[in-house]
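Note that the chains take the letters A, B and C in the order they are written out, and that residue 1 is the start of every chain.
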Amino acid sequence: MLFQILDYLGVAVFAVTGGIVASRKQLDFIAFLFFATLTGIGGGTLRDLLLGVPVFWVVNETYVLVCLIVSVFVWFFAHWLERLSKPLRWADAVGVAAYSVMGAAKALSVGDTILVAILMGVSTATFGGILRDTIAGEPPSIVKPEIYVSAAFAGASCFVLLVQFDIPNALAAGFAALLALGLRGGAIIYGWKLPGYGSNAGRQD
Amino acid sequence: MLFQILDYLGVAVFAVTGGIVASRKQLDFIAFLFFATLTGIGGGTLRDLLLGVPVFWVVNETYVLVCLIVSVFVWFFAHWLERLSKPLRWADAVGVAAYSVMGAAKALSVGDTILVAILMGVSTATFGGILRDTIAGEPPSIVKPEIYVSAAFAGASCFVLLVQFDIPNALAAGFAALLALGLRGGAIIYGWKLPGYGSNAGRQD
Amino acid sequence: MLFQILDYLGVAVFAVTGGIVASRKQLDFIAFLFFATLTGIGGGTLRDLLLGVPVFWVVNETYVLVCLIVSVFVWFFAHWLERLSKPLRWADAVGVAAYSVMGAAKALSVGDTILVAILMGVSTATFGGILRDTIAGEPPSIVKPEIYVSAAFAGASCFVLLVQFDIPNALAAGFAALLALGLRGGAIIYGWKLPGYGSNAGRQD
């Protein structure tokens, strides 16, 4: 149940970020719809292709409808959203948190190992945003020094770990998603970052 | 039959656009071949991966041969093509029209729903060009304000709708492809565009 | 056996290039890991998706471990690597050589034709680097005038051809990889290039 909510939530908030990018580029409604859908379902599509299972929105078109509804909403209310503080980055943060857990959970559910599940969580949490930014011609968030991939990594690892210790799935998912969101949120508000390459011990020059 | 023609046509004209981009970057023949092939088969490859069917050019290598022939042609005649008015954009328009119908048709043929078929038409019609522009480092056509995604959307939707009303496939395909081409052509010649986000009713500032 | 070595080698050296790019962008360790893994397994992932076989690192997670080890290594020693002459381009060259042969070999091993095998070699040898450069926001090596795609093409074609003449697989693989590396190496050291489009016979202006 919490999984289902996280799943729709991840798709919906990523769709919101796609819509915001389209609104900033002043695209028309169909392009809007396209950007929102692409960003919403991009990460999960990659996940399913890599796992070799049927693509989720081809099987269940409710996800496409979610993106459609979100597009209509953002089309009418993007100017309100823009009054919030950093709406794009916060929606993206919620999406990363939800998708990192869902990616890892789906990989575990088809019998993959811990390492593959973590990698699947990280890559599918970040893929929608990479797609959105690359096509829109913006620098992807992933190459900024702030915590981003690390938040997805923390979410996916935490979920996988808790499940290993027989914590119920829903509890593990909720906790892991909150951890990822907390880390990414800290990066948005306070600029949290891990030490970057230049500052590591072995670096001389 | 018309399907087969549309299919080869879509691959061939997208390959032409890939070749033109390579010629403008003054790449060598092998890179030429690579760009033409990538753009020609990119959209259909995505379509088949998403639908979970074998990739079309792995099954039938005629498509690769078509790209090879187109590459040789463009290599020798790109300087003639360039004398035409906007050859890249027109070839791209024909490709978008052909692929939008083929994408939707293939999705319907493997039993997918209307919504999925439309989305498949739109995404596969635009994917080859996105790939071409991203790798070449050009801004993708998709983020320009002109009608582009909308043309693919009109083509795919029109085909799916006509088929629902029992119009014969070939007729529906021909009509839908012409509609998409007409819309995109209007955008190229007259700069047709749908109202962009900034001008919608809810926008205040 | 040589295949196995080429396979791990291709993944490892592409992972090195991903790590070097991350180090130049001063990213944190997790982003480092992500970039290295993405570049290391990107090409092979595309190959397996196109061939419709299970993705290699989902089946055998040793490949992910290889990327993890490489990341740790590059994290501590990137400043040494940078003292070498053009470490990124040389590692990339070894990766292209190894992957062009592996891509073609895997396509042949699942029964595909010569043409598909060559295309698979070329596309999987270049895909990891395209992904790395696109996400990092660098211009992809593939659109530079130097020999690059051509080296991958030579490696894949040479392997496929030698195998047709019943040369043992390992010998064919070794020879083809060296050919690809030699061509790309010549491009790095001496700036070797094939004639570009502008200089071909048919070009008037």
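Descriptive notes on the structure:
FYI, a residue touches a chain if its C-beta (ideal position, glycine included) is under 8 Å from a C-beta of that chain, and two chains touch if they have at least 3 such contacts.
Note that the structure is a prediction, hence the values are computed from the model and not measured.
Each step here moves to a touching chain, and the least such steps from chain A to chain C number 1.
By the residue-number overlap criterion, the interface of chain B with chain C counts as different, with under half of its numbers used by both chains. One rotation lays the C-alpha atoms of chain A on chain B, and its angle is 120 degrees to the nearest 5.
Chain B and chain C have Cα centroids separated by 29 Å.
In chain B, 49, 134 are the positions where the chain touches two or more neighbouring chains simultaneously.
Residue ranges of chain A in contact with chain C, taken from their complex: 49-52, 112-113, 115-116, 119, 122-123, 126, 130, 134, 139-140, 142-143, 145, 147-150, 153, 193-198, 200-205. By the touch rule above, chain A contacts chain B in their complex via residues 22-23, 25-34, 37-38, 45, 49, 54-55, 57-58, 61, 64-65, 75-79, 134-137.
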